[in-house]
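The chains carry the letters A, B, C and D, assigned in the order they are written, with residues numbered from 1 in each.
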């Protein structure tokens, strides 16, 4: 299982790197789509099947298509060097490096270690005791199926945010129409 | 069970996203890098959802809707700017300044 | 009558107010104004005579008339507006109201044709009010009201014809010089109150002896500061510059203020606070030296002046020097005696000059010539047209020169004798005596020169104007005659022993000066022979000066100012008053002006505080604002970088 | 008279009426027709005068401490109350502002032609603010009135001023505001400290004064905060540059109010708040010498600078800086004579400088210029104005027999004990003040009339005379018979000096020679 994870991980990182480095906007868009596919796969590995599907359908499908559409619409000629001057480069890489140095070590966290830090009782603690929700999710997964286990809390506990997102989307649509149309 | 590595992967992707935003001049590519960063965050959400329960996945769900909305509006703005200045080069879109 | 002494002050005050109203409302009503003006003066002269006679045979030497509490601040400091009527102030009261009255009478004639007639009398009455307050004041602050009040009136009167800039400048100069003197009196008052706890004259004389020891610093300080005030008011060496310029005022004003009354205020103050001065022998020496120096110095300048009033002005400064010399030697009575006699003959000289100027002005006006009515070089031979004025002026000249039978001789000789007597112990007084003697010679010389140039020889003013010359009207010559009589008889007041008298004034002033006399070593007795020698010396000096002056002036040909040869050498220096005015302008006035203009106003105020302080803070705020605006430079990447830096910082703190 | 006042319970309602009347009059003036604004304002001013004058008899000088006291809690939680009262220090200032109000309104009869309603409403607001400052015995109420004053003054200078009025108005407000916001911090700090120690939080002056010793550790900082706020208002030497600008640009009414009352708030503040709260620090050797030296520098510096001013109003502004330097010297002289002298200078400076500004305003109304060089030889054309100006000029340079001398003499002789050298230097101002005043009088009135424009200007009319004559009468009355005024402030001055003596070691306060 972990071997498959690493394959997809490498695939995702490689395509992300290429997405940044391609000078042609179209190719970098396509490479981004490929990272999304890699991520979808990883989601499946992490037993979040519904999210994986959504990732592919909504994110890769809709959003990236929108990007491609806009890139095509503007048919930008390939800018030979799309990079910023070297000064911008140095700052960019530098900051990214520092950020990476801070974030990547988080990878060392295993559930057990996380549990120990979170729980106040001394001594090693069983992660399952500290994070009961994880098992409950697994049970729900089994009981209502992959989609059900997500849908059930979505329409009960998180109903209000759900409605708000619909309003947000409405606003976004109107905004996009107003901004993009030449004359109303 | 894969928590550590997926967090590390999410960190790397996030950092690449940040680098992309800082380096690239093309507005749309910068935009895409932002999308990449969002994906990285989604990954860490999902990874931790294993521990913290389904609320992690719901967060991803919401992140995606927000990302979609943001992409739509962002691209509309870029379109409007492009129509005005025939270029998407971020360096010389700097009217909004002190 | 003594309790009603405030009437003497109230009457001229009412006169001043009434005339003031008339001046503004109906300046034309000349007769009403003159009646009020002179009437109130005669009234107060009557009160003065009444108080004097009552005081003559009053049991007590001094009376305190309380009007009201002026500054009731606390129990340890409460100044009453009270008048002190004692032997000294009664005498001064008589002199002021007497001579003042005569001068009021004279100015009725002199100022008749002047449009500001009512205003003039208002100021003159106001002057008499303040002079009386000064003399009668029971404490230093009350005298200070009079002290500055007379300064105010002299400012108003000198600058009476304010249309001409030089006149108002002269007025301002007089006031400022007086103010410098007043500063000295103020400091003396503070020192006095903080050391003796009282400002009343009686209190000071009583407590001074007990509190201070002879020669200690406090009385010396107080005395010197008081003397600074006196030099300002009585025009002594450092601060005399304003008196010659004060001649810009109408002549009766010069007669009243700058000869008879105001300028003697300094001598009066010294005698009044004699107790303090005697406790500081050094201060007395300073007074004597300054007096003698001024006498000599002013007399020398007087030798070469051509404006008749300027000559008399310098003569006044020199005679004041004599008074201070007299007081400086400790013979206070002789100082006051000379003050009185000087008031008589100097007022006479000034009024005589006034008549001359009046008729010259009248004549030149008719002849349409723009010659200066006061310049002696335009006059000459006026004897024929103005016999009365000539005779009286001659009389006064003999008096001031110190020819025996006249008043001047006795008072001046007494001062010189006192100086000589004191000189036998302290040699410094010998020098003063010598200076005094030479000054007497010079006084006689320039007075003779004055008389010769104006009255003798032939008339230099052109025959056109000669036709209109005439003797001054009776109204003006009457006061002259009275003053002439006083000038002659003045000596009787204090006829010294060798001349058969019993020095009445000296005994009269005993109660005032006895406290001082106790402290000071009495004047050593001069041997008969020495005394006779002194008298002889004084007479020869007087006569030699007179003859010299007459002979020299009548022999040289005097050219009218237009084509007079420029002065040369020593005469030029004398003519330009040793360039003292220019020196003061250079050393004091200009630097103060420069300092306050550039140093203080431009740099400190406008630049330092306004530009740097206020403007500076404004610029700092503006700079900070500009810095903030630099952050929003429109570059999206720059904003994201800022985000990233923020994120890094937060993470650094959290992750650790 | 006192009996009559007691019969109508004068003591209870007088302060509230004095404060409320102008505020109530404001809306009436604003909504009245333009022509009648002046008359309403003048009517209110007269009633204010009639009501206020009663204080002269109602105030009982023998009884020390506060009179006409009222204490209504306003904000329960913080102990802020509507606490007012008058004592020896403030009775003269209240009377002065009450007397000045009708004169100010009447003097701007012709001068103000546009937006009259706004102008008179602002005068009313200004007057309430002024009275409020002097009667408030609650620190919060005091601070509120203190800041309330800035607004009307800002508008008055800003709208009706002359050429660069906005610069002067903003400078005035910012200068005062920067100075006084530290004071607010200090007030709150004090109330907090005292509240915490005694349990009850209250802004009352008496309560804070009682526990003043609790504030000793912070005495230095707190005093500096108060001192900064008041020094700007006084104006003490380095903080005075706003005054000449504010005066030259303000309309007559504005600069009279500014000169007569606003400047006194600073010195009143020192006497009432800054020193009694922190006597050990305020009157210690170092602070005392520093403040006294600043005061004397202010006296001499302002007099010297006044000598070279081309503009008449600016000259008078600098002269008031010099006069107020005397008040500061008097306060720090800390003897009964010097404190009484300081209060007397506050009153007499108000009269003489107020009169001077009125007259310059009248000249400005005729010739619309303040430059001395534009005038010349006016004595022939306007004898009345010339006589009035000369009398006021001599009163302002301290001629004995007029009001200026009384205050200055008492200040100098009172503070001579503690600062002999400083008083010696300060006394030289007698020469400089004579210098600048006579020089300007001569160039305006006593020289040849060359400028044809000056030919036509008319002399004072009846209205203007009615403004000036009472002031001159007051000057002569105070000059010759200041007894009643001195008696009224004696109690408060005595109390102040006792407080000083208790706070200072005996040696610091010399005593004059063997008393009478």
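FYI, a contact is a pair of C-beta atoms (placed from the backbone, for glycine too) under 8 Å apart; a residue touches a chain by one contact, two chains touch by 3 or more.
Keep in mind that what you see is a predicted model, and the values were worked out from it rather than measured.
Two chain pairs are in question, A-B and B-C; the one with more C-beta pairs in contact is A-B.
Put simply, the chain nearest the middle, going by average C-alpha positions, is D. One simple way to say how far apart two chains are is to compare their mean CA positions; for subunit A and subunit B this gives 8 Å. Remark: subunit B and subunit C have CA centroids separated by 98 Å (rounded to whole angstrom). Averaged C-alpha coordinates give centres for subunit C and subunit D that are 38 Å from one another. Inter-chain centre distance (subunit B to subunit D, centres taken as mean C-alpha positions): 67 Å. Residue positions of subunit B touching 2 or more other chains, listed in rising order: 18, 22, 91.
Shared interface positions of subunit C, i.e. residues touching 2 or more other chains, are given as 637, 641, 644.
Shown for subunit A are the residues in touch with two or more other chains, namely 84, 88, 91-92, 95-96, 99, 103, 106.
Contacting chain pairs in the structure are A-B, A-C, B-C, C-D.
Remark: subunit C residues 628-637, 640-641, 644 touch subunit B in the complex.
By the touch criterion stated above, subunit A contacts subunit C in their complex at residues 84, 88, 91-92, 95-96, 98-99, 102-103, 105-106.
Residues 1-2, 5-6, 9, 12-13, 16-17, 19-20, 25, 28-29, 32, 35-36, 39, 42-43, 45-48, 50-51, 54-55, 58-59, 62-64, 66-67, 70-71, 73-74, 76, 79, 82-84, 88-89, 91-93, 95-97, 99-100, 103-104, 106-111, 114, 127, 131, 133-134, 136-137, 140, 149-150, 153-154, 157-158, 161, 165, 168-169, 171-173, 175-180, 182 of subunit A touch subunit B in their complex.
Here subunit D touches subunit C in the complex through residues 171, 175, 238, 240-242, 301, 304-305, 307-309, 336-337, 340, 377, 379-380, 383-384, 387, 394, 399-401, 405-406, 409-410, 412-414, 416-417, 420, 423-424, 427-428, 430-431, 434-435, 438-439, 442, 445-448, 480-483, 486-487, 490, 494, 510, 512-516, going by the rule given at the top. Subunit C contributes residues 20, 23-24, 68-77, 81, 141, 144-145, 147-149, 152, 155, 159, 162-165, 168-169, 171-172, 175-176, 179-180, 182-183, 186-187, 189-191, 193-198, 203, 207, 211, 592-593, 595-597, 600-601, 604-605, 609-610, 613-614 to its touches with subunit D in the complex.
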